[in-house]
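Letters A, B, C and D mark the chains in the order given here, with residues in each chain numbered from 1 onward.
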Amino acid sequence: MKSFSFALLSFLILSSFVLRQKKNRVVFFGDSITQAGVQPTGYIIKLGELLKQKGAENNYELMGAGIGGNKVYDLYLRMDDDVLSKNPDMVIIWVGVNDVWHKRTYGTGTDPDKFEKFYAAIIKKLQQKNIKVAICTPAAIGEKTDFSNELDGDINKYSSIIRNLAQKNNCTLIDLRQSFLQYNLANNKENKESGILTTDRVHLNEKGNQLVAEEMMKALLIK
Amino acid sequence: MKSFSFALLSFLILSSFVLRQKKNRVVFFGDSITQAGVQPTGYIIKLGELLKQKGAENNYELMGAGIGGNKVYDLYLRMDDDVLSKNPDMVIIWVGVNDVWHKRTYGTGTDPDKFEKFYAAIIKKLQQKNIKVAICTPAAIGEKTDFSNELDGDINKYSSIIRNLAQKNNCTLIDLRQSFLQYNLANNKENKESGILTTDRVHLNEKGNQLVAEEMMKALLIK
Amino acid sequence: MKSFSFALLSFLILSSFVLRQKKNRVVFFGDSITQAGVQPTGYIIKLGELLKQKGAENNYELMGAGIGGNKVYDLYLRMDDDVLSKNPDMVIIWVGVNDVWHKRTYGTGTDPDKFEKFYAAIIKKLQQKNIKVAICTPAAIGEKTDFSNELDGDINKYSSIIRNLAQKNNCTLIDLRQSFLQYNLANNKENKESGILTTDRVHLNEKGNQLVAEEMMKALLIK
Amino acid sequence: MKSFSFALLSFLILSSFVLRQKKNRVVFFGDSITQAGVQPTGYIIKLGELLKQKGAENNYELMGAGIGGNKVYDLYLRMDDDVLSKNPDMVIIWVGVNDVWHKRTYGTGTDPDKFEKFYAAIIKKLQQKNIKVAICTPAAIGEKTDFSNELDGDINKYSSIIRNLAQKNNCTLIDLRQSFLQYNLANNKENKESGILTTDRVHLNEKGNQLVAEEMMKALLIK
């Protein structure tokens, strides 16, 4: 009887330990949008709240790794220090806005073929360590719904590259570009360039953070 | 009585002859696309053929005034020499591709507000001389139908400016942007970036010249 | 006879007074640097102080006409409203920084040949109204003295165009580019990119305003 | 006698073997300028001829690894395949023109800080394998001697970065920027933009190839 109790106790302790060990560590790897994601109303915080609502908050540990102005090769250059060092189970990459935008503002955007090469190199390095990878399309630079945001064409082009990368590399795709377009077509009848999901055409307002959190939630729950 | 009748008849014949001689002089004012319009298979030549088919070739005199690389303020700077000096009855302006494209290739595109100001100044100067003005939207920089041509957004933006200018200034609008998009959506199922209506994403192949000629024909016949 | 003499004398005195009142109206026509020129420590105010020191303050009336972001064709577009309407005796034009800079920041800089054409058109229109014209070279985008300011080459190129325009059109040249380079070579031994004559590589600090005022003073006094 | 012959023979065989082993394999790693370096009058071929004149042609094996349009991160991405796979003793890196130029032509130049990071990563990876590294400054984009080549400032900026990298990483510096400037100041009195050392402002004419070969020769002979 005593030995049975002891065995039971041991089992309970061990299993609780094992359960505690099972937290999925998810690193969000990106630019200024992700950097803001850990702010009080940011999408990473909101995603934490969604997990709590599902009673799944103990299963996930969410860590931000966003730095303003980052392009795909900035992620590549700092992935050892900022991502691999954290031993994540999953990495959600969201990059691309600056790769397009900096063509205009600094003359230092990223060629489409190099964008693909560096992105593929990041994915490969993560997958080699058995880290699950989800990748996002860039949501928007401008929210106008008549397709006249200056950089729409290029954003669509880089989104296509990312969709192909997801398929080729068997990554989960979080197609924020499409989610944002659909939401705006439904909710931006006045053809405003910002204020629907973004504050300034690019960075998320609270509604935008909520939408992103919901899209990421779906990706987290994919087995 | 007889001699009077004869004199009257003579007068009527002569005056109808004079009227028949009074051709509408139309100047096509634009960039390299218009410069190529006077080539054997160019859109201006094709428009002449369409007029012939309608038996209207004696009513119109078509003159090219296109120079490669021109932006709206190039047209402004040379309009006295190249257009007004020809005493046209009508001017068809087709400009905008370089205003967008040169942002990328030379860093010397045209700000949208200056584009509008110089365009409005050209229209005003022509209308003050009772010259009829028709204006065209820029057709394409890339023919992909999934909205991923790099400069699609900006082309759409400048097309909107032109549509507004037409309305505000009571000009005939030749919406080549829309014609090209519709044609490509129907005929470019493989999402090619050129070869449908253009040879190189911008300049017209024979099919493109034909389509432009047909659209211009409609504008000519508007009373 | 006496009363006649008195009347004549009165007339002579009055008319000489009126002549003394006939101030030279000078309009400063430019971009944000000139817009700031009418601020308390701005170069136009400092120039007024220099004139006072010479006892010449009653001979000149100084009027600012600077608008931030202006390029040469912005000046062209607004010269009727903002300059000619003021009936100036002299216009000092200072433009060029944005024509170069906007290539990088917006993709909408000005082609060198168009820069020259619009500049020449402004000068011509002023000179046709017998307005004296002085023109300035763009001072600086960056004050480094090892010739590694990113846009140095292009600034030098546009400065050459302006020097040629001055010569061809018989305008007074105020070579701020050269004055700034000389001052920096002597006073910026640490190769700083700003803080010597500018606050931010482009806009003038108090020392810069002083230097510009002194250079303009020389131009004012040229007969 | 017999044993003497044998000893002599052994010595000759051994020494020839040793001599054959002593060839230094040098890989030239760069862009289109280096790609053209293996053409009949290219700088790599001319360097081979210089080595022959010195009787040193058996000490060096010269291999081109230039690809048109390459920027520093292109070199980074292909260094395993195109350089390390060849087991070089020395690598001469010449890159930078496109990192600056593509800002203007495609909007995809390289940020100065990323230029330095990728360049340092290449050097580190080579030095870790005990490969000797020599690095070159970008020679020219335009040969005008009045400092009005559009991109002069930026070329000078990236040249400074490279000079610092050479010092920090103990690499041989081949300062082509300085050699070209000096040569042009002495030989381009008419301020031509090309035709002195280049055919087209960037790519080398025969004189340019000769000058580069001579500068590289000095670097090869540094112990």
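Please note the rule applied: a contact is a pair of C-beta atoms (placed from the backbone, for glycine too) under 8 Å apart; a residue touches a chain by one contact, two chains touch by 3 or more.
Worth saying up front: this structure is predicted, and the values here are computed from it rather than measured.
Chemist: Would you kindly give the rotation angle relating subunit A to subunit D, two copies of one sequence, based on a CA superposition and rounded to a multiple of 5 degrees?
Modeler: Result for this pair is 180 degrees.
Chemist: Considering only mean CA positions as chain centres, point out the chain farthest from subunit B.
Modeler: Centre of mass proxy via C-alpha means gives D as farthest from subunit B.
Chemist: Distance from the CA centroid of subunit B to that of subunit C, rounded to the nearest Å?
Modeler: Taking the average C-alpha coordinate of subunit B and of subunit C, the gap between them is 41 Å.
Chemist: Would you kindly tell me how far, in whole Å, the mean C-alpha position of subunit C lies from that of subunit A?
Modeler: Those two chain centres are 52 Å apart.
Chemist: Out of subunit C, which residues touch more than one other chain, so two or more?
Modeler: Where subunit C meets two or more other chains at a single residue, that happens at 103-104, 106-107.
Chemist: How about subunit C: which of its residues touch subunit A in the complex?
Modeler: Spelled out, the residues of subunit C in touch with subunit A are 104-107.
Chemist: Please output the residues of subunit B touching subunit C within their complex, sorted ascending.
Modeler: 73-74, 77, 102-104, 106-111, 114, 117-118, 121
Chemist: Show me the residue ranges of subunit D that touch subunit C in the complex, using the header's touch definition.
Modeler: Touch list, subunit D to subunit C: 103-104, 107, 142, 146-157, 159-160.
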